[in-house]
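Below you'll find a set of structures to go through.
In the two complexes below, subunit A is the common chain; its partner is subunit B in one and subunit C in the other.
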Partner chain A sequence: MRSSARFALLQAAALGLAILFGALAGSVILLAIDQNPLYVYPLMVRFNLARIDSIVAIFYRATPLLLAGLATALAFRANLFNIGVEGQYYVGAVAAAFVGFTVAGLPRLVHLPLTILAGVLAGMLWALLPIVLKLRRGAHEVITTIMMNAIAGALVLYLLEPGLLRDPAQAGTPRVRTPDILPSALMPLLHSALRAIGLEIPSSSRLNWFLPLGIALCVFFYWVLRRWRFGFEVRAVAHNPSAAEAAGISTQRVQFYTFLLSGGVAGLVGLSDTLAFFGYFDIDFPKGYGFLGISIALLAKNNPLGVVAAALFIAFLDRGAQGVQVFAGAPREVITILQGLIILAIVVGYELLTRYIRAQRKREAQVAPPLAPALAATGEGGE
Partner chain B sequence: MDLLLTLVSAALLASAIRLTIPILLAALGAVFSERGGVVNIGLEGMMIMGTFWGAAVTHFVAQAFPGVAAVAPDLAPLVGMLAAMGMGILFALLHALITITFRVDQIISGVTINLLAAGLARFLNIIFFRVATQSPGIRGFTAIDIPLLDRIPGLAPLVTGTSPVIPAAIILVLIGQWVLRRTRFGLRLRAVGEHPLAADTLGVNVVMMRYMGVLISGALAGLAGGYLAIEQGRGYLEGMTQGRGFIALAAMIFGNWWPLGALGASALFGYFDAFSLRVVNLRVPYQFITVLPHIATILVLAGFVRRAQMPAADGIPYSKEEE
Partner chain C sequence: MGGRPMASPEFFLELRDISKRFPGVVANDGISLAVRSGEIHALVGENGAGKSTLMKILYGLYQPDEGEIAIRGTPVRIDGPRRALELGIGMVHQHFMLIPVFTVAENVILGSEPTSGGRLASAKAIAQIEALTKQYDFDLNPRERVANLSVGEQQRVEIIKVLYRGAELLILDEPTAVLVPQEVEELFVNLRRLREQGKTIIFISHILDEVLAIADRVTVLRRGRVVGTVAAKETTKGQLAEMMVGRPVLLQVTRPEITPGEVRLAVEGLTVRGAHGRPVVRDVTLAVRRGEIYGIAGVQGNGQTELVEAIVGLRPIASGAVRVDGTDVTRAGTGRVRMAGLAHIPEDRHHRGLALPMQVRENLVLGHHHRGLFTKGPILDLAEIDAFARGRIRDYDIRSPSTTTPTLALSGGNQQKVIVAREFAFAPGVLLAAHPTRGLDIGATEFVWRQLMEAKAQGMAVLLVSADLDEILSLSDRIGVMYRGELVAELAPGEASPQELGLYMTGTKRASAEPAAG
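Here is the complex of A and B:
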């Protein structure tokens, strides 16, 4: 298939153009605030790639991002919009913290998986209501998940009230947090494993096993979607629901399980921070991964492997923003804006490309039969 | 008994009205956008732009013309409100371009606009005011007494010393209801949201109508943000919209995609909001009350309260060429 190779190339070109567009728009902003883009961008790249602490920070930042991207992408693959990743990971993190500090006396081999499982189940639970209401009552998942996000935010605040999950030992201090999670539930860091293969990373880094776990999950779901029967069903449902139904695939069942899987992965998003950085859940817990996850899924065109790359790219920009702020004195928000513009450019670019490819395929299909010239001429532009 | 008195106290009701207005303006905008068939999740971002530009422009106008400010103190906030509206329109134009012209998924565009607006507000605040999260304090509109209504004894606390934006917003809702129900523009907008192909066949310019719906929603979301920053906050504070753009979507759904319905829903949500700020001495945790609007919206969407009747072509990009 020569044309499919050409389309893949076009897709890569669209991605490149979108990044270029973002960089150019970013340049305009930089020039407007008296910064030289030819100085700022190289500085950003050097800051990111020439320092081991930057590289480690990028991978640490990418850990929750790739999980959030994977969660969103999974739902997208079954034509479902999971805006609820944000809320799902709040409840996932609280549930994991709860199991982490209450269940005592277990060895790490049991306690840690149990803690992670609590996060996954809580995420699934938070995804359950929107998908049930969608499939049974026709309630659009976009709005219900947005509402569930707000409810999750309030629930988390409520659970941190005194007498519930708030650490009594912190009474009298302004700290609003749970007690410390027991060591047996904390995720081990990657230092010793990396040392074993000859990589020494700064001791201050909190890079942990959620990174390889997250990447493994992305690879796993790539494989599931490509090779498993379930993956085939998901693709069939997304591509043509009525044809899938006719072939005996239950759209409802596929959408239900995919959305729960999405919620389960979302439940993992906050755990790298909870179980390897803070060691407790508090009121200033990092927020917004869910929305970044949407951007990442879009950049990756919902391909689980692409999600890893897209998460690293966003993390790269985030880290670069810090370098730009410290060493060039330009506000890091320039890079946030640049991120937004790249995503906008990429969604428009992909859309135009998809339409172009569809038109090309139609033309090729029309060229194929013997009466091609006449048909192609009438088929142009119409229908 | 004490509780009952608190529930209807003038202070609580006045606060409820103040909290209703931003939700109401944005919800009215959402009605216009979705009646034309375009879902606008970007309302929150447009509101954020409204809060920032409203405060910033009010501040700069007041500073640049101190003489004028002494004579006509309402000029600066007025220009600020217009700027907030203008910036809402600008972002709505972006949303319209992406979703109507390029036919990209409306949710995706909205989510991205929200991210962009949040980053932009921080950036601009740093450029203008050297800090990321807060603008200098500003002076809002001179408070007014609403004529005639302020003579009614019981109503006095609610209609004296209020922001002029409050009656203006109510009037806008009434106009909006009339426009959608009775005018040619309103009928065409609704036709485009219900069945764009049929409207197109009858000669209605689908693309233009949809642009109008989205731009109106941007203007109103900008106004909502402007009101928050100029009248309520007396300055911009990062995150001051507190997800009200999303609550506005909820109010629109709750109000069944009609301006008057959105008014009722916004009033209810505003009341919950005001109430949640005052239940410190109750046994109910305030978080339960803050989530009541969200729970109510889920129930409505699920058809447990009554059937939600959204425009049939809401959220679906329209193109002549395909199908």
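Here is the complex of A and C:
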């Protein structure tokens, strides 16, 4: 037990070192463009943490990111590479928007869950083909999900054609979007709930209930993977599919359900923007969350709780990039480079640490006495 | 082998008292071996006998813990494949390392490309390779793309590759495993030609016919030790088989006399097809009764693995039936076979037995985790699992610092104990034990043997597959011999001498199997 506390401490130290390394490497780039890192970094931290609108913006930005990270991490946990979160969330957002503006006359208590469910099911549907192709035909999911992303991108554009989902009321304007989603399907904002616990946030913020929902999902899946029978089977399949099979676990079944769950969570990614910011789906709908989700899963080592922290961290850097651009005149791309460097440093640092811990554990086990007094005299011979 | 081989140029390679240990496993235990210059020296032994460890030491991938290597009488230290090549040692791998879109010549020179003024000297390379193929009578066109070559031709490219790098000693690791019979013949012609030209060859195999056809001398390894070196002309298949799989009985087990009861495992007319649709298990019928250990003997690769995997539901059954305690479990799937009361100690604990990165307690419940005892609805009851794991760790004397230690941290013997402890839980009716003591040291072997006796005493029906003839003879109540996928004989342990079993195992002799006969 004492040693596991030591390993946790080591892990935290490794994380800190990786961030430090990324910041140092970023300093070189800042110096190269005549910016003083000792000015830029404190500015970024101040801009992010000293302003309530920054803090709220970070949480708003983190909402889709943590869902995308969770979707990717879930698939990774079953040795599946879901590169298709991107396409799955486009489809999920369109499906939710569709249910949101077509189904009228329902109370919010029914309409909103129905709308969210439409997003989840559409995401699952988009994940269904790749996983069936993989399990039945052996087609690699990386290839098929990338293809599905391309199809999803084209499909949502096609659906915005006149006569399909395009809002007829916008005819003659350059706006290519669906009709407005009905108020009964919009996600309520967090303002009143936060006010109840004494926090006042700017009225311009669109921070909404998808944030607590996303965090709750991360906690839930953390619990499922650690403590549920299904989670146990997922881990066994990931660590040794042959041994899992020999133990009577159907690896195909486990991979199938995990991938669908991943697709379902992916279907939620775009809903914070759709149901709490825009109120419709349009041609300029935000893209790229799915790919950021891969970085986040990587940073979090596929741990659902880590996903929350990693998403907040990426959102923090994103927001900081805006501040740096406005107040220091440094291009925000510098911060994007910094993000990449930190992710690389963390991934490499973790790998080294994991090897070190494994070697340490092995050493401990070799000198370990038996748990209880041995009943038989014979243990390992020749020692 | 007499005493210590003398250092003299008569021997190209001498190994003296080479030992290599891994946690819980002694892979090489004082191996001494002398390979004469210009001979084909075969190295035979079962999986886990230590052949591949020894070859990795020769190729510089492992360092021996003890012992000395000498090349042409001079002691050397081999610290990597590059050094091995400098010393004239070339390895022809079982799995080819060729780039299909490159030509033969390009593959051969890869890694040591001849250049003139920074540019690749292709013409020079082709000329050199043509000279080599002419010298050794190899039928090979250096300009042909490797993708267009047959498997036998690809192997020739691998051999030319090591010759091109100046190898004097060629190590061929199971070279015939991938070849069809005609290609084996061609390979042998090539190898004899190489020998005529003064090359020295180490030929690793467990197919005794081939070894006797090509080798000058044969060294047999078993459990990390050299059993002996014999001249191929002066030995027989039966003798080699006995050397390979037998061993002096170091351990004594008292076999409790139990009157076998009703049939608990019935296998009827089981046929299993291999990769190319060829049957690898042919019409096998056997029955194992309560309190009985049924041993299956055979040289490795004669269908034992496939038989076990088909019974457990890990391999499709082409025809036939499997019954556990009267329940038909043919094609039921592994989960249901296990639920019917079948436990399985797999032949490779790292492949089928354990999820190594997972905790010891998690591996102890793997396959039992869905039992009501360990679940509350969909949630695992960790307190119950931990209590179970503690009990198992105590009862089976598993040396582990805690129940949550990752299993990969345990020694090989303790990992095997985790599997045994798991498989014996919840009173299974039938136990399939495939090579349960392979690679284990004496202490752990004795432990497993005692557990098998215990299983018998508890009324389990045990199907024991082992390549170790003494293990089979000491533990079994009945012995079936498998040869080329068929059960060619069924005997009582008193009925057959190791020599006679050796004859059955090599197909020299056969008797019609009498299934389920008392």
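We take it that the second predicted complex is superposed on the first by the 352 of 383 C-alpha atoms of A that agree within 3 Å, B and C clash if a C-alpha of one lies under 4 Å from a C-alpha of the other, contacts with A are read in each partner's own complex, and residues count from 1 in each chain.
Here is the rule we go by: a residue touches a chain if its C-beta (ideal position, glycine included) is under 8 Å from a C-beta of that chain, and two chains touch if they have at least 3 such contacts.
Computed from a predicted model, the values in this text were never measured in an experiment.
Within the superposed three-chain model, A:Val142 lies in touch with subunit B and out of touch with subunit C [touch as defined at top]. Of the two partner chains placed around the shared chain by superposition, neither subunit B nor subunit C is touched by A:Leu10.
Of the two partner chains, subunit B is the only one touched by A:Pro331; subunit C is not.
Once chain A of one complex is fitted onto chain A of the other, the partner contacts of A:Leu213 are absent, as it touches neither subunit B nor subunit C. After overlaying the two complexes on the shared chain, residue contacts for A:Leu353 are found with neither subunit B nor subunit C. By the touch criterion stated above, A:Ala244 is placed in contact with subunit C alone, subunit B being left untouched. The interface of subunit A with subunit B overlaps its interface with subunit C at residues 381-382. Per the touch definition, subunit A reaches subunit B in the complex via residues 29, 33, 81, 83, 129, 133, 137-140, 142-144, 146-148, 150-151, 154-155, 157-158, 161, 291-292, 294-295, 298, 331, 333-334, 336-337, 339-341, 343-344, 347-348, 351-352, 355, 381-383. Listed in rising order, the residues of subunit C touching subunit A in the complex are 23-24, 26, 312, 314, 333-339, 344, 346, 351-358, 362, 366-367, 369-370, 375, 378-380, 382, 390, 393-395, 397-406, 408-411, 413-414, 441-444, 446-447. The residues of subunit B lying in touch with subunit A in their complex are 39, 41, 94, 98, 102-105, 107-109, 111-112, 114-116, 118-120, 122-123, 126-127, 132, 243, 246-247, 249-250, 253, 285, 287-288, 290-291, 294-295, 297-298, 301-304, 308, 321.
Those residues of subunit A that touch subunit C in the shared complex are 1, 4, 227-230, 232-233, 235-236, 239-240, 242-250, 358, 361-362, 364-366, 368-372, 374-376, 378-382.
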